[in-house]
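Listed next: structures, encoded as structure tokens.
Shared between the two complexes below is subunit A, which pairs with subunit B and subunit C, respectively.
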Partner chain A sequence: MSTGTPMTTTVPTGPGTGAPPAGAHTPGAARGPRRPGRIRRGALPYLLLLPALVLELLVHLVPMAIGVVMSFKQLTQLYIRDWGTAPWSGLGNYRMSVDFDAPVGQALLHSFLVTVVFTLLSVALCWLIGTAAAICMQDSFRGRGLLRALFLVPYALPVYAAVITWVFMFQHDNGLVNHVLHDQLHLTGRPTFWLIGDNSFVALLTVSVWKGWPFAFLIVMAGLQNIPGELYEAAALDGAGLWQQIRRITLPSLRPVNQVLVLVLFLWTFNDFNTPYVLFGRAAPEAADLISVHIYQASFVTWNFGAGSAMSVLLLLFLLVVTGGHLLLTSRGRRSADV
Partner chain B sequence: MSDTVRSPRPAASSSPSGRSPTAPPRSFLWTRRVLLTLLTGFVLVPVYVMVSSSLKPLPDVTGGFRWLPSGLTLRPYVDIWSTVPLARYFVNSLIVAGSATVCSVVVAVLAAYAVSRYAFRGRRVFTVTVLSTQMFPGILFLLPLFLLYVNIGNATGIALFGSRGGLVLTYLTFSLPFSIWMLIGYLDSVPRDLDEAALVDGCGPLGALFRVVVPAAVPGIVAVAVYAFMTAWGEVLFASVMTDDATRTLAVGLQGYSTQYDVYWNQIMAASLVVSVPVVAGFLLLQRYLVAGLTAGAVK
Partner chain C sequence: MRSIRAAAVGAVTLSLALAASACGGGTSTGGGSDDSSPRTLTYWASNQGASIEVDKKVLQPELDKFQKQSGVKVKLEVVPWSDLLNRILTATTSGQGPDVLNIGNTWSASLQATGALLPWDARNFAAVGGRNRFVDSALGSTGAPGKDPAAVPLYSMAYALYWNKKILADAGIAKPPATWDELVADGAKIRARGKQVLGAEGSNLSENIHHVFVFARQHGASFFTPDGRPDFANPGTVAAVQQYVGLMSKDKVIPQGNAEYAQNQSVSDFAKGRTAMLLWQSASANLTSQGMGGDAYGVAPVPVQSGTPGPGTQVDSMVAGINVAVFKNTHNLNGARRFVKFMTSDTEQKILNRAYSSIPPVRSAQQDPAFGAPADTVLRNTLATSSAALPQVADESQFETTVGTAVKELFADAAAGRAVTAASVKAALTKAQQQMPAT
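Coming up: the complex of A and B.
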């Protein structure tokens, strides 16, 4: 088989070449000045890094490079067994993806906008609920440990188990949501369809927030423990009330944590495939047509992998720009705060 | 539980850090009571639905929803094993998630140790590259990875596609970036004098790592392990494409409970509960480590 050859050309790419330019201010790397006293010692650090490097190359960087190459090919089911022979299509796939007058581009744009709105709402709600809960549970009270464990359950549950429970609750005839809203509270004239039509957006958002806020809670809770108690004591001596302490001490101290948290939540939510896939199955309703499921369908239902790859590359570019912008803004804020 | 947590930083322990020496105002107490009650309800309702429905006879879950079962039955818990080969999926998931976790932790510890303790060219490029892979949409490398595995299989005879090994390889890299990042932060907080003393005593660098640094970094390592296991246990997208009938994991296998005519909701809920219990129990037992690890590592 000649299919092995295209791979070997991409394998020797060095670790540095795969680094996207926007990552220059990645939070992990930007943490404080480098400490003195790191040992210089020839090959050893590289040996220690080798396993991680090989794995990252094999599973992330090389496939991504292949994905970029594929996006320039006319890769339909005719060529899938031997994709090296697929004809080049230049920018054809990209042109098709962003041609917003044609159905394909229109659907992609719609899906993109739905994803943006969904992600912003979900991240905002997750952050808000998580922070509020963490601040509420900063002081110890009876049952705090139990409550904390309970709040982490949605995060700990495997995605499919949690989401499938929500699918059951959102059922039209035998679900809990309609039973409560319609049968018990009589809020709706007739039972609502939650998993098809426009309401599916609400259903998706509910599940996403239910599943996502405990992570924000966990991170903020950890961040709160790094705030020195003396700050609060000093503020209390100065006569600051509790609300003022939260506003003047707690929230500003959490800023660096929040910057990373919001970015991570954004990326995870934007790329989330598991939740919509388990919630709606292969055919997501239009109102909740998230981009990753959309691309999955565009690739696997129509068997046009070139177009699917082009859409993924566009998605990656968008995420790069957002991440870069975010890091630029936050690092500038941090620098000016230091002065 | 909190006494058993070893942490190099006193602030990282789960002891309550008193916010205000004075009693909180009533407005705060009421807000807190209302908010925490609402959240408890929000979190618990699906859990209740899962537990109660798993104990209901089939008519109870196909007819209109009822809060209380008409009768309790353990039948669903018996039937789940025969409706679909759940035991096999379970074993597959255990093998895949377990191996991915062990490998991921070892690889992450080595890499984080290098970054935390050594100065070398490309150190920054490495951390940035690894972290930026978090940004990749899974869908972008799903198909290329699939092609890569098939081609490696054709070229070398190592079956990666459709095998558990391929899935292990994939999953362990999913949790790797976050694990490395978190462990770098954590290892930075382990005093350097410790491994220098070990080096002086004649341990090699690896001896210093495994005899001194690793034991001191247990909370961080446990946190990373929990994260890696959960990532592998819950993944759906790659599992749905990269497994065949023999290697299918729970994430995909659970879809087998809805046949064309009937959806066995009681069995689905029972199966969901069965596959959730190991992860949730483990997570809750180890969550203090996770908080300690995050406090010292990720959020600093």
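Coming up: the complex of A and C.
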């Protein structure tokens, strides 16, 4: 413990005890007036960080730890009133979750795959639309401010209100979507079901992209402001067309922004609970059975909170691996770019 | 120096305060019930009227009356059905809940297994006037057999066939169908006149369960073995589910659009005269509030396979209803029991069941002439002679979710024009059973 730095002297007043133990250092008590001053100066930054640290612990880490503990328990309806009495199940919940030959594991795997495909498509579309819109909005023209504000509306609306509106629009009998596609344009032979059956995936993807692309638009727009105009002017003098400018200047310059943007969009979309829950309720159609609702159903609806926690921990691990991998790859790219 | 010291002391104090409040918060605050004073009770009511506001208007004057009688103030919260079970589970897990609450009677055994509700033993029943005040069919849905009930019956309801007099008359149908074959035959005549035949809520898991449970009974089958184990995919249940979903896929009496209904759209369709018939529990008050007068529709028993409704395979309704329960963690047990006694008193039973067009589960209140209208008579007869309680097993809530979802998926198949065969029904039900927790 004692390394001779001023910090070690904070130990007696550290977070564990809160106050210097009265009798422990009686020999030093004579020099008391000078020492506490030194202590506090060295320790002050840490003391000031302490409230934030405690809050972080309470808000993030403790619930996570409790979730991990729950995942090792057989926490069914018989025990939820008094968690302490729930028997330990060891790795039982995990074994059940990843046993892909058994129905529960199979359903989880199916839901996971649906979520992966959904997330990849949604992030790609959000990014594509957002970037295209941001580039189109780059040059100033009359009404640009208005359009920018308009584009951000889906992002600013409360999720529930926005998605419930989509539910009405997707209704089979009276919905706007079928009215336009079937009644007006006669594109479909008969009205389509959007909220049940296989088309629910399309409905979910539509709402997700509608909700997500303004964020990509916002971030890319901010990123574009940092690209010096001279680059474009020089490129134009060299005879580069619009497409070449985008490919050679805009996209490479946006790379750091995109790296963060894609990661954030991926995490948000993968974990999104509100959109599928409001669209489909507690029992999502198989084609749109996203993992967040699936886990919710596994824990809340079947009242097996241990299994639900185990699935959540697995999801957490997967996202950690993806995030870690992403950061590793992108930071390596950055380092080599710096060289 | 002094300011630095002050900052340090402040930081430590703040941290300790945060930690202390987080650790101690569970017992001192939170939840709905303010247990410090035995002069108050928190009551979670289920949504019985056409809206939450309607419920508040119905209940508040009665709660004021109770306060005048007993001096206990009841804090009312009407919880929508979509939230009620989750709220109860959260309250159970945290120990912070209301003092008195309404539960769907089919949840009784599941919630009983959590141990969150006060068991109604002889002593507790004595406090509300004794077990004998309640009719047997209602008591049959208050918990697992052989255990002290987890709740007390509050409102009783039953399914009936609501039929639009004008549409049936226009189609040349003299009386409402009494068997499924008649209903399908009448359906052809109604569709020929461009009207929809029978409303259903294909994406509402509970509605699906209520109907396939009755169809299973009519096929002499059950979703649970006598010792309470899931047995979802036996030949009888497969035939039952196939017949119910077949009303859409084969018989074309349920419109395909109803496959995605889950917000009581089928009731609005019926009230607006788009659909000729509707299978619903105690719908009168709901229909009135949607502008359909009592003389525009008739009420008949739900069809059976053949003959007339009765016990055994002639069952034509579940025992539907609401129970009132006391949360075991209440700090005002006496007040809670007094409140339950008040709510199940003859006077209140008459007032409340009138308002919700349900039937009082209390014998003496049920005899009141106010419940002698033709619609009430059908419901009362159904409850007395041809209704059966959903399985009172701890897994009931999971059964509603898994089998309800299976039926929803089958309706989605039917809506997409795919055939619903015995094989596809069996596969869906087998999958549902495999989702059940292993016991």
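Throughout what follows, the second predicted complex is superposed on the first by the 287 of 339 C-alpha atoms of A that agree within 3 Å, B and C clash if a C-alpha of one lies under 4 Å from a C-alpha of the other, contacts with A are read in each partner's own complex, and residues count from 1 in each chain.
The working rule: a residue touches a chain if its C-beta (ideal position, glycine included) is under 8 Å from a C-beta of that chain, and two chains touch if they have at least 3 such contacts.
The structure displayed is predicted, hence computed values, not measured ones.
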First (subunit B), second (subunit C), both or neither touched by A:G197: second
A:Q77 touches, of subunit B and subunit C: first, second, both or neither? second
Partner chain(s) touched by A:L315 [first = subunit B, second = subunit C, both, neither]: first
Partner chain in contact with A:I164 - subunit B first, subunit C second, else both or neither: first
Partner chain(s) touched by A:F151 [first = subunit B, second = subunit C, both, neither]: first
Touched partner set for A:V104, first subunit B, second subunit C, both or neither: second
Contacts of A:L251 with subunit B and subunit C, given as first, second, both or neither: neither
First, second, both or neither for A:L120, with subunit B first and subunit C second: neither
Which of subunit B and subunit C A:C136 touches, first, second, both or neither: first
Footprint overlap on subunit A, where subunit B in one structure and subunit C in the other make contact: 15, 18, 37, 40-41, 44, 48, 51, 53, 55, 58, 83, 171, 173, 305
Residues of subunit A touching subunit C in the complex: 15, 18, 36-37, 40-41, 43-44, 47-48, 50-51, 53-55, 58, 76-78, 80-83, 102-104, 107, 171-173, 191, 193, 195-198, 281-283, 285-286, 297, 300-305
Subunit C residues touching subunit A - in the complex, by the definition given at the top: 1, 4-5, 7-8, 11-12, 14-16, 18-19, 22, 82, 86, 89, 92-93, 95, 110, 113-116, 202-203, 205, 256-257, 259-260, 262, 394, 397-398, 401-402, 404-405, 408-409, 411-413, 415-416, 431, 434-437
For the subunit B and subunit A complex, residues of the former touching the latter: 11-12, 14, 16-22, 24-25, 27-28, 31-32, 35-36, 39-40, 42-47, 49-50, 53, 61-66, 106-108, 110-111, 113-115, 117-120, 122-145, 147-148, 151-152, 154-155, 169-170, 172-173, 176-177, 180-181, 184-185, 188, 192, 205, 230, 233-237, 250-251, 254, 265, 268-269, 272-273, 275-276, 279-280, 283-284, 287, 290-291, 294-295, 298-300
Subunit A - residues contacting subunit B, complex: 1, 3-4, 7, 15-16, 18-20, 22-24, 26-29, 31, 34-35, 37-41, 44-46, 48-49, 51-53, 55-56, 58-64, 66-67, 70, 83, 129, 132-133, 136-140, 144, 147-162, 164-166, 168-169, 171, 173-176, 178-179, 183, 210, 218-219, 221-229, 232-233, 236, 241-243, 245, 256-257, 260, 264, 267, 271, 273-274, 277-278, 291-292, 295-296, 299, 305, 308-309, 312-313, 315-316, 319-320, 323
